[in-house]
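Chain IDs A, B and C follow the sequence of writing; residue 1 opens each chain.
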Amino acid sequence: MIDPPTLEALSEPILPTLYVVDYAGVAVFAATGALAAAREKHDLVTLAFFAAITGVGGGTLRDLLIDAPVFWVHDWKYIGVCLAAALGVWFLGRQDWRFRALLWLDAIGLAAYGVMGAAKAEALGFAPLICIVMGALTACFGGVVRDLLAGQPSILLRREITVSAAILAAVVYTALKGLGLSNVEAALIAAPCGFILRAGSLRWGWRLPSFPGAPSRN
Amino acid sequence: MIDPPTLEALSEPILPTLYVVDYAGVAVFAATGALAAAREKHDLVTLAFFAAITGVGGGTLRDLLIDAPVFWVHDWKYIGVCLAAALGVWFLGRQDWRFRALLWLDAIGLAAYGVMGAAKAEALGFAPLICIVMGALTACFGGVVRDLLAGQPSILLRREITVSAAILAAVVYTALKGLGLSNVEAALIAAPCGFILRAGSLRWGWRLPSFPGAPSRN
Amino acid sequence: MIDPPTLEALSEPILPTLYVVDYAGVAVFAATGALAAAREKHDLVTLAFFAAITGVGGGTLRDLLIDAPVFWVHDWKYIGVCLAAALGVWFLGRQDWRFRALLWLDAIGLAAYGVMGAAKAEALGFAPLICIVMGALTACFGGVVRDLLAGQPSILLRREITVSAAILAAVVYTALKGLGLSNVEAALIAAPCGFILRAGSLRWGWRLPSFPGAPSRN
């Protein structure tokens, strides 16, 4: 489905100037995974496993779906970053303020990944709706699998704005690209939009209206 | 693994006359996903997320396994159908009879997807046993992921006939194709077989015998 | 990403002399899946479903990630082995000693799969760290999905050495290959290392130190 030259181009990140952001995003998500395991007092191998799943899970699903080479399989440094995040949590992760700091870093990751997922799909020529879905999946799937494996309620089921923030970032990015802006310009506008939405949910408890019907369990 | 002309052919549905059925099947499964989220009174984004996972999850796994392009990634209308189903549930899904109606629509979807999953694998030349597995996965995987993410007991663990109905539809389709019938003929016989089995389970509580040993937990 | 000749070579197992071991490994893991369903007194179809997921799940994820054809899709005998394992458990699986015997067979499978996952990635030229990850995933992912679908605590969350044994086998295999040993030599040294680690955990309760911080739930 994908031409060799396009694949070649994909071995570079879509947004070269955001190379560092990419590793940083993996590190942040990996740290949230390792912290989830650390809270339950697991061993270092389990911390590393959760770090890797959370750090690269979303991008893995995106790459499988759009039939691109899975990014971390061809660049071992992503797994290296996850292992470093797990080690960092093991040695530093005991103070409570770090948990709170991570919630905010996670909000940054959510917005950045929403943009990056959409950007990779957009660069490959997929339809705008598909780019938005890829942004949302890239940002959220790692956390969904982390919660599933840890036996905790999924971020999907929490009454907070998380997926929506990633979707907003992806929608804005895709719309601005459609209006002719460059990758970097679109990303620099889109990511803050997603971050502000998530930050508002964290800080002021913003939430979407829930399904209004009477509960009907049968 | 797959020749370009075969891939070309796959960009059309295997059963052209069943085009509408394909979107209808996605819509039905998507609605069951949205309803699962609506029962727990989630917001519209969560409804849409569950609708999409349930609607296209099974076909996604099938396409990844047989190394075909993931169907909805190359035709955004499938995701559009899922969003429409989520909106439909949001505005109309409060009456109890709709939940019951959906159980029957779901039975139709189960039989139709069992056939379609097997048909796509059969058209690509896979072995009969693999076609049957693909039919079962296509029909059931979306619901399995929906239940997993919603924290509800999986359809695999309910003492009802669900997977078996999809398997029956896939077995009958694959056998009839082996006997030389056309795609449409085989589908028109196979899908009702699966539907009747599921309907019997819904209506008269048909079930398979369970493992006879004394429970042995260690 | 993969040249046709390499793909051709992959249609043979990496370690031809271990052909029988490969099917045996699938059978052992499939049996643990079927037993998990049998303990909950499910029907034969559910037993078969769990057998297949557990038996081929890990290798499926590995093949998707490294962009190789999914092994069982192109050789229906793997699914046949899973069905045979489910039937075996159905007719023979009631005695308690079989459950215990299986724990030891599972330990053998864990070590063998850790090696085989790493060997397939190593033969395709992936970086050592990626080979180790593939060994761990191949050995553990089937069991993780089995526990997830059965609603039981994941092997990741048990305070036993399981993942670590697979990682050790994969590390030793990858290191010995780097030192110039042949596939078979490396496998014959690496698999026992992994097995001994798991056996020590089963027999003497070996475990890794857990995260030392005070529990911090917020």
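Things to note:
In the analysis below, a contact is a pair of C-beta atoms (placed from the backbone, for glycine too) under 8 Å apart; a residue touches a chain by one contact, two chains touch by 3 or more.
These figures come from a predicted structure and were not determined experimentally.
Looking at which positions face the partner, chain A and chain B present mostly different ones, since fewer than half of the interface numbers are shared. Chains compared, chain A against chain C: the Cα-based superposition rotates one onto the other by 120 degrees, nearest 5. Our note on geometry: chain A versus chain B, Cα centroid distance of 28 Å, whole angstroms. Shared contact sites, meaning residues of chain B that touch two or more other chains, fall at 64, 148. Chain A makes touch with chain B in their complex at residues 1, 64-67, 126-130, 133, 136, 144, 148, 153-154, 156-157, 159, 163-164, 167, 207-218. Listing the residues of chain C that touch chain B in their complex gives 7, 37-47, 49-50, 52, 60, 64, 69-70, 72-74, 76, 79-80, 90, 93-94, 96, 99-100, 148-151.
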